[in-house]
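Order of writing sets the labels: A, B and C. Residues in every chain begin at 1.
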Amino acid sequence: MRNFLGHSSRRLKAAIAFPLIGLALFLLSNRVDELRVYQGANVAVFVVAIISIILLTGYSGQISLGHGALMAVGAYAAVLSQIYWHLPVILTFFVAVLAAAGFGAILGSAAGRLTGPYLAGTTLALAVGLPSLANQFGFLGGEQGLNYDVGLPPAWLGADFTQYKWFFWISGLAALIITWLSFNLLGSHYGRNWRALRSNPTAAALMGIHVGRSKVLAFTVSSGLAGLAGALLAMTISLVTPSAFPTSLSFSIVTGAVLAGVTLLTGSIVGAVVLVAIPEITGALATHLGGSEKVTSNLPGLLTSVLLIVAVLLFPNGPQAIMKRTRKSSQ
Amino acid sequence: MSGLVISELNISHGAIRAVNDLSFTVKPGELAAVIGSNGAGKTTLLRTLSGLKSAHSGSVEWNGQSILRKKPEDLVRSGIVHVSDGKSVIPELTVKENLALGGIWRKDKKDVALATAEAIELFPRLGERMQQSADTLSGGERQMLAIGRALIARPKLLLLDEPSLGLAPLVIDQIFQAIKALRDRHNLTVVLVEQNAMGALRIADIGIIINLGKLVASGPAHELIDNPSLRAAYLGY
Amino acid sequence: MERLFNTILIGVSGGSIYSLMALALVLVWRSTRVVNFAQAGQAILSTYIGYEVITHTDNYWLAFPIALVAGALTGALIDILMVRTLMKRAHSGPVAGIAPVIATLGLLGLIRAIVGMIWGGDLRQFKLPVSNHGFTFGHNTIPFAPINLLIVVTTVVVMLIFSVIFQRTNLGLSLRASAYQPEIARLAGIRVDLTRTIGWAFAGAAGAVAGMLVTPTNYLSPNSLDLLLVSGFVAAVIGGLESLVGAAVGGLILGISLALVLEYISSSLAFPVAFVVLIAVLLVKPSGLIGAKRTRHA
């Protein structure tokens, strides 16, 4: 009974909290300059992408180094559905989710049978090879890519409502909805199955959890989210090109997830902010130090990698282990 | 003090205290049998003595020097050699390679050759199977190979983890006799961990009986064998 | 028939390089149980060092051993500075299982950024050490050129050296023992930490050789070896990931099949084919085509 109450009160809290967060964010977007709004949109995109990794790695225990490629699948699906079927923007997002989820389901049914190194290597292969395929098929637009246009903000929002603000509203809303859905998903029996799976696959199987099916489901859901993130990312640059989805994008998302603590949905915002802040920090650093173009263009990559290595070396058991310790000592 | 001196040793296994305030001494040249049922903490004790596992508190000294917090490979080089239970051979390698492994790090290659010859003399079956993969050996032969490899390191303190595990009675007898012969010939100090209480105590000088990580009884082996209450409760015969 | 034969020859040459990369991955996998994605970075760093030597001395044959040593040193350093700490600290929690892989990924990014800072992103080219014009028999020129011969011969020599080290020396015995049963190896007195460092050094050297061999017929940029990493991984998986012979054979199988597809079907299919081969091998025969007996866990 207590459990039930606790659970429903958590739901209630979430039901109040999410609209409030949304409201606060939207009010905030009126107060800051264009660059910040644009960065806010990017943070929202990364939140969705990082959540896709958290669901996969943090909960079902699978690893993917190729989510950047799945984002590309989503983005291309969205833009193609806009070009060929003339779908409204909102539907192209759904197409992105479905296409990436479908791709992920196929991949996941292979991947569900793979462990550790094989899964990592296979998904990495995808990250390296898949986006470059676009160069080899004419209808994918080659290196120039395809234009993806979500349109101007609706007139009723007023004349001074900018395009970037519109991006922010769309991606912010998407991120909020995805976070809320993920909370509920993880609270459901699917979430419990995944957790059981991660901590001990054999025990999970003995408890009657269908290990293979559970893993494939996690991979599918995660891929769908990555697809959405891809479409949102394409929206912010109004373009779908292979170079928008480099191998380093896949690595960045994983970095974000590791910084987020891999199992903390709320941590995704931390990871996303860090990812968006890195280019700005390194930019400031570069102007301060006045290095050459070679140095400046590689600073973000350097910083991301160093963060990733440091995070893994310092908290190989997750930042939660540290937090638990400090909580204990503060009591 | 010389020999192996264990005092107030505590070893944790996750949240479980696997060895609890354990103290005993094995004098140089003694063959000590550590007896206890499954889960008594025998293997944990041995893994700590050989440096594979770290102790929670307490001390272990060998010839006056603490051996806690030392790496297994360093302990081997100082003469403390652990033969872990049944699977202590590398099945992917040949019998010859498994034996050679015991002496790779030794400088005195002449003595390595001599020790290898002695090991083969003690266990002639190994000599017949030198080129075979260790995978093809029977359980008893694997045990012989593991002990043989340990001998090539010229041990002073030999730690044996359940050498009788899963072997036929006749083979067990053979292994136990070999252990006793080794002790007699090389004046080794031996800690023999066993569930086979009777077999182990018969060749041992002293016996240490532990249960759930605690010392139950210790003393000269023949006295333990004759003690009726221990017999019923712990020795199981 | 002649076309088929020529295609296979080219496939053997390409496959040799995959074999070397696979060998580098297998060496680290055996000693550390991690697929070292940073290998692409280590190889590119070594190759750039080789490139520097070539630009200054105009001598590929001098650059080659220097790159090889640089690769070995980088490998050893990575093990000592990063892997050792990681092995000690990672044991439980949601990240522990993936920590080593993530760390190699971070390392790949780090090396790539450093290489980019030093040499920039421009495509560069090696001067060819030997001709890339096909051998001529009478008035018949085949695609297989001296450069391909160099690649194949060097690979064979490297493989032979490794097999002698592994099968005939005490060092090789220690390496094998530590790879199969690290705990038993330690109990036999072997310094497993040290053998792991040596394994990383060997792997680094093999990767450097792969980089130095593939670059003359290609170009050099901070991520020009990424695809080679993927091919090397596929080759290693075909070979069962555990076995050195498997790595060699896996590379050849992949190289020849890619050459056949490129020649007879379409040149744009290289990646999809490699990917399909990978998935097919993993689904049909997860232990690899070359009989690795051990099961694939962790």
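Assume a contact is a pair of C-beta atoms (placed from the backbone, for glycine too) under 8 Å apart; a residue touches a chain by one contact, two chains touch by 3 or more.
Note that this is a predicted model, so its numbers are computed, not measured.
Chemist: Please categorise the chain-chain contact pattern as a line, ring, star, complete graph or other.
Modeler: line
Chemist: Work out per-chain C-alpha centres and flag the one nearest the whole-protein C-alpha centre.
Modeler: Central by C-alpha mean position: chain C.
Chemist: If you count the contact pairs for each chain pair, which pair has the most?
Modeler: Highest contact count belongs to chains A-C.
Chemist: Just give me the whole-number Å value for how far the CA centre of chain A lies from that of chain B.
Modeler: Result: the chain centres lie 54 Å from each other.
Chemist: Report, in whole Å, the distance between the mean C-alpha point of chain A and the mean C-alpha point of chain C.
Modeler: 32
Chemist: Approximately how many whole Å separate the CA-defined centres of chain B and chain C?
Modeler: 42
Chemist: Which part of chain A faces chain C closely enough to touch in the complex?
Modeler: Residues of chain A touching chain C: 57-58, 61, 63, 65, 110, 113-118, 120-122, 124-126, 128-130, 132-133, 136, 198, 247-248, 251, 254-255, 258, 262-263, 293-295, 297-299, 301-302, 304-309, 312-313, 315-318, 320-321.
Chemist: Using the touch definition up top, name the residues of chain B that touch chain C in the complex.
Modeler: 50, 52, 71-73, 76-77, 81-84, 87-93, 97, 100-102, 104-105, 149, 153
Chemist: Okay, in this complex, where on chain C does chain A touch?
Modeler: Touching chain A: residues 29, 34-35, 37, 82, 85-86, 89-99, 101-103, 105-110, 112-114, 116-121, 223, 226-227, 229-230, 233-234, 237, 241, 268, 271-272, 274-275, 278-279, 282-283, 286, 296-298 of chain C.
Chemist: Please name which positions on chain C make contact with chain B in the complex.
Modeler: 170, 173-174, 176-177, 180-181, 183-192
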